[in-house]
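Below are structures written as structure tokens.
One chain, subunit A, appears in both complexes that follow, with subunit B as partner in the first and subunit C in the second.
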Partner chain A sequence: MKERKISIAGIFVLAAVILLAVSYGSVRIPLPDIISILTGNSEGLPETWKLILWRIRIPRTLAAALVGGVLATGGVATQGLFRNPLSEPYLLGISSGAALGATIAIVAAPSFLSAAGLGVIGTAAFLGAMVVTFTVFIAAGKGAFKLPSTLLLSGIAIAFLCQAVIWLLMTYNRDQVERITFWTLGSLSSAGWSKVLWLSAITIPSTIVLASMGRVIDVLSTGYDSAHGLGLRPQRSAAVILAFTALGTAAAVAVSGSIGFIGLMVPHAVRLLGGPSHRKLVIRSWFGGAILLVLADLAARTINPPGEIPVGIVTALLGAPFLLILARGKKGEGRLDG
Partner chain B sequence: MVLPAFARGSDEAGSRRAAITLKDNFDREITLGSAAMTVVSLSPGITETVFALGYGNRLLGRTDYCDYPPEAASVLSVGSLTEPDIETIVALNPDIVIASTHFPKEALDRLVAAGENVAVLMGQESFQGAYDGVIRPVSLILGDSEAGEALVASMEATVDKALAAVAGFTRTPSVYYVVGFGEGGDWTAGGNTFISEMIEMAGGKNIAADISGWSFSLEAIVDGNPDLILLPGWAEPIFKTTPVYSDLRAVKEGHAIVIDENAIVRQGPRLAEGFADLVNAIGSVN
Partner chain C sequence: MVNTAVVLKQVTWRPPHGSFEFGPVSVAAESGKFIALVGPNGAGKSTLLNLVSGILSGRDGQIEISGKSMKERTARERGRLMAFLSQDPERPFGFPVTEYIGLGRFPHVGPFRNLGKKDRVIVDAEIKAWGLSSLRNRSVTGLSGGEFQRVRLARALAQEPRILLLDEPGNHLDLSSRTEILNRLKQEAQSGRCVIAVLHDVNDALLYADQVWLVSGGRLLKTGKPQDVLNPVRLAEIYGVELVPFNSQDGLMMLGVLSTQ
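The block that comes next holds the complex of A and B.
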């Protein structure tokens, strides 16, 4: 019962935050007019306002919620599975793979026609993330899902490899360095409806799968031996969980670039609210991540209008001190590893 | 910014026997016993200037960015603007190395320590800055000030002609200048940039004139509803087919035009043509 209340509260807070985010932007539109436009009474109001609200602000805010949510749930899954509080989904090679894919697209086809939906760079980022994550799993070898640290090491090694290739490509394509850098810093500025659809189609199912496997993560997070004892096939379960984590995270990164700290930070913050049941953690973290990224993106686009700050910078600036405070506060309990 | 002082060792302009002295942007005194017969250029604008003066054959080295005129491709590259390869430059043994904007002091120090004669030449961001800060001193170094004066005169004529066209404009179209867009955010030239100044001079109104710096937003572009959009070449096909951008009035009306940004941002001989192109583009929506 309590969980349902928290979910309902989450929905309300998220809705309020989305409304707030939609109300503010670099272009000032009076609140009554926003409500008129949202309720379909836009008679006599400027066409550009409708375009700004319906085609830019609303899809962008929804995309922020979907990206933030899935990054946070990915953090819950990886931290639980790897039994490591510093884990985050990017460690699977997803962000470096996506960045490599995007870099190749920017360098190889700088004026290539944009494909419907994700666009060329987004598509390349998604493919890059999936290919590199798969490589990380393969490189970790047979023991990958038996000994999670093998997987982490493999992820870190391949992330360095990807970064080296990106730098190499930048060295030979200096004129594209800025585009590559700004893509990497993360931004939701190009998130339209097609990207919202794409995000919904992948991240919502993957979050539902993770939430439904919450009990399994509970067991795996206490060690694989106990999982065996309970009749689970831990390696197979781990593979399924990580595959869905990777899929959801890759979809997010393809849209927004690698926005940092959400996957690492939100699960820790949410753990403060209650016990370590992973089903609850997944759901609560989804709301936490969604709310946080909507607010971070609001800050990114309204701190110095009409200019924007890459949202990844905002999440890192807010996230780092928050995480430190959290870590100090929890020192006595030593429960950061949930 | 310091403009070079013109002090000639001889009355004979253009004589290759003359000793040449000038001050560069770091306020360093540069002395050459005679006109430079071999040059390494560390800036696209300098490379363009050397070619425009008719001395492309004296270039021993250029940077990776020096892509104009096409003949520049056959000159050996010595690396990037900020990190030129010192060994290659020393091995080329030029009479002088000429650098310009984006050239860091550390690179200068390293080149000087390696015994190279280096001049860092850049003017204020204006036509006059390009004339006095780049074209005239480069022509002096090459021992052909007359070619420099001729180039400046032809640029001035191009600018004057363009300004005369601007005087005939009946209105001031709003303009948005694309530096970057899409996944990495929207970037333009704010009111405190030379590009923005050029747009205003060319008879346009920069919709980003109120910002300083380069960061902008899609909302603000839609709200600005520009009459004309200026695009770098790489951006054109993507910009015109990306949702929301493709719905901008200027795109729908066919007023999203490619402009050679290098002609506008490089302090060199194409600045006047770049300005004329800008005037033409703005005139097309007048």
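The block that comes next holds the complex of A and C.
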């Protein structure tokens, strides 16, 4: 019973938060009018409200939910697989690869690179994320999952490499420094319907796969030898899970830049609330991440209107104190000292 | 009814780096027997266990599990037949004891179904048998070494394996926990399972095992009854330690260290 209540609460809170986010902004649209516009009875209401809702706020808010959700589920998968509470999907090289791809696109603007609705920079970011993640796996070698530290180390090394190239490109393209920096900090301001579609097409299936493999993640989280003894082929299962994690995260990063802390923070919070069983953890973290990013994006665009703060700054500001509290509390139960 | 649980035929293995060489080893383990692997550090005891468990790849020779070649078995079949407790286990953070033991049912239930009534009964029985009732909802991360080792054994037995492989099950444990564990393993062997355990204390092997496989230099030196295999002269040669035999209360031979040579 309690289980079901948590899930239903997740749906309701997400719906409420989405309505809130759609209602607030540089122009305030009252809730009853939103419902009128959504149900098609928009007579007498300003035409601009309709445009703001349908063209800007609804797709942007949905994109925030999809990005936040998939980042959090990626965090669940990587923390479980690497048996390391500090891991997050970006450690696989996804965010650094995406940043490098985006930087190259900003600097060189190869306009031929544009996949369905993603735009040049988004497409380059997605490709960069996939190429670099693949490189990280190759660099880590065959025993990557047996010794997760190898994979994490190779992820970190290649992240530094990407960062060095980005700085080099920035040095020679001073006029683009601001664009590159803002892209890296993460923002949802460019999210329209085509990006929502693109996100749905990739992140929803990848989340469903991860949730359905929840029990496999449970078994993998007990360690390599143990997972093998329980009747798994650990390398193979881990490869499937990481591939879907990388794909979902890369899609999110391509749309929004590397928004930090969600993948690290949300799984811990959800684990404290509802236990560590990974199937539930994946689904609940999806809701947790979606709710958090919708709120963070709302804050990013309403704190100082009409200007916007990059949403990555908001999540980092929220995330750092949260992690400190988490590290200090609950230590007796060993939630963080895995 | 298959009586031989594990058969190794001319098994050899070499690590990718280094000069260690294992085998060739040919040996068979019967169901209903508690077999102790004894030998010095680096002799190949864990290698033997890892080969039987299937974790080590790249071996030559044949390994049969319950009458069928390992290569013909699926991973899940293997998980239903054989449980393996390695050394230095990892603890998944925040996992409660009951759920951790429940993972032992994974090879039976599969990745997509929840534990059924029967599975819960088995898990509960193991929790009771290991005296873990008061720890049910505690996180495995917060348990003491002895508690966690009992939780792991409970999980391995919840797997209902025909073959139980254990790498130093009593390592780091106090005398009472170790005795409890060895007694239970002996019982499990008597009820028909094949138990193969690396034991470092030769007296544990003398007191509990039905058979000893003496491993040294990557080979099986001798197999047979503990009292025959673990003779003080042979052990003195292998370990470089002088041992004197004495009798336990039940009249069993035990060994004491006299001096290092």
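Couple of notes before you dig in:
Following the convention adopted for this analysis, the second predicted complex is superposed on the first by the 321 of 338 C-alpha atoms of A that agree within 3 Å, B and C clash if a C-alpha of one lies under 4 Å from a C-alpha of the other, contacts with A are read in each partner's own complex, and residues count from 1 in each chain.
Here is the rule we use: a contact is a pair of C-beta atoms (placed from the backbone, for glycine too) under 8 Å apart; a residue touches a chain by one contact, two chains touch by 3 or more.
Since this is a predicted model, take the numbers as computed values, not measurements.
By the document's definition of touching, of the two partners only subunit B reaches A:Ser189; subunit C does not. Of the two partner chains, subunit C is the only one touched by A:Arg271; subunit B is not. Once the two structures are superposed, subunit B and subunit C can be ranked by residues of subunit A touched, with B on top.
In the overlay built on the shared chain, the residue A:Ser26 is in contact with subunit B alone; subunit C does not reach it. In the superposition on chain A, A:Asp225 makes contact with subunit C only, not with subunit B. Contacts of A:Gly307 after superposition on the shared chain: subunit B is touched, whereas subunit C is not.
Residues of subunit A that lie in the contact sets of both subunit B and subunit C are absent, per the superposition on chain A.
Chain contact summary for the complex, subunit C toward subunit A: residues 53-55, 75-80, 82-86, 89-96, 99-100, 103-104, 106-107, 111-112, 139, 141-142, 156, 159, 165. Interface residues of subunit A, counted against subunit C in their complex, comprise 80, 83, 85, 212-213, 215-216, 218-219, 221-226, 228-233, 271, 275-277, 332-338.
For subunit A in complex with subunit B, the residues that touch the partner chain are 25-27, 48, 51-52, 55-57, 102, 110-114, 119-122, 174-175, 178-179, 181-183, 185, 187, 189-190, 192-194, 257, 301, 304-310.
Residues of subunit B touching subunit A in their complex: 64-65, 80, 180-187, 208, 211, 213-220, 222-223, 225, 233-238, 241-244, 247.
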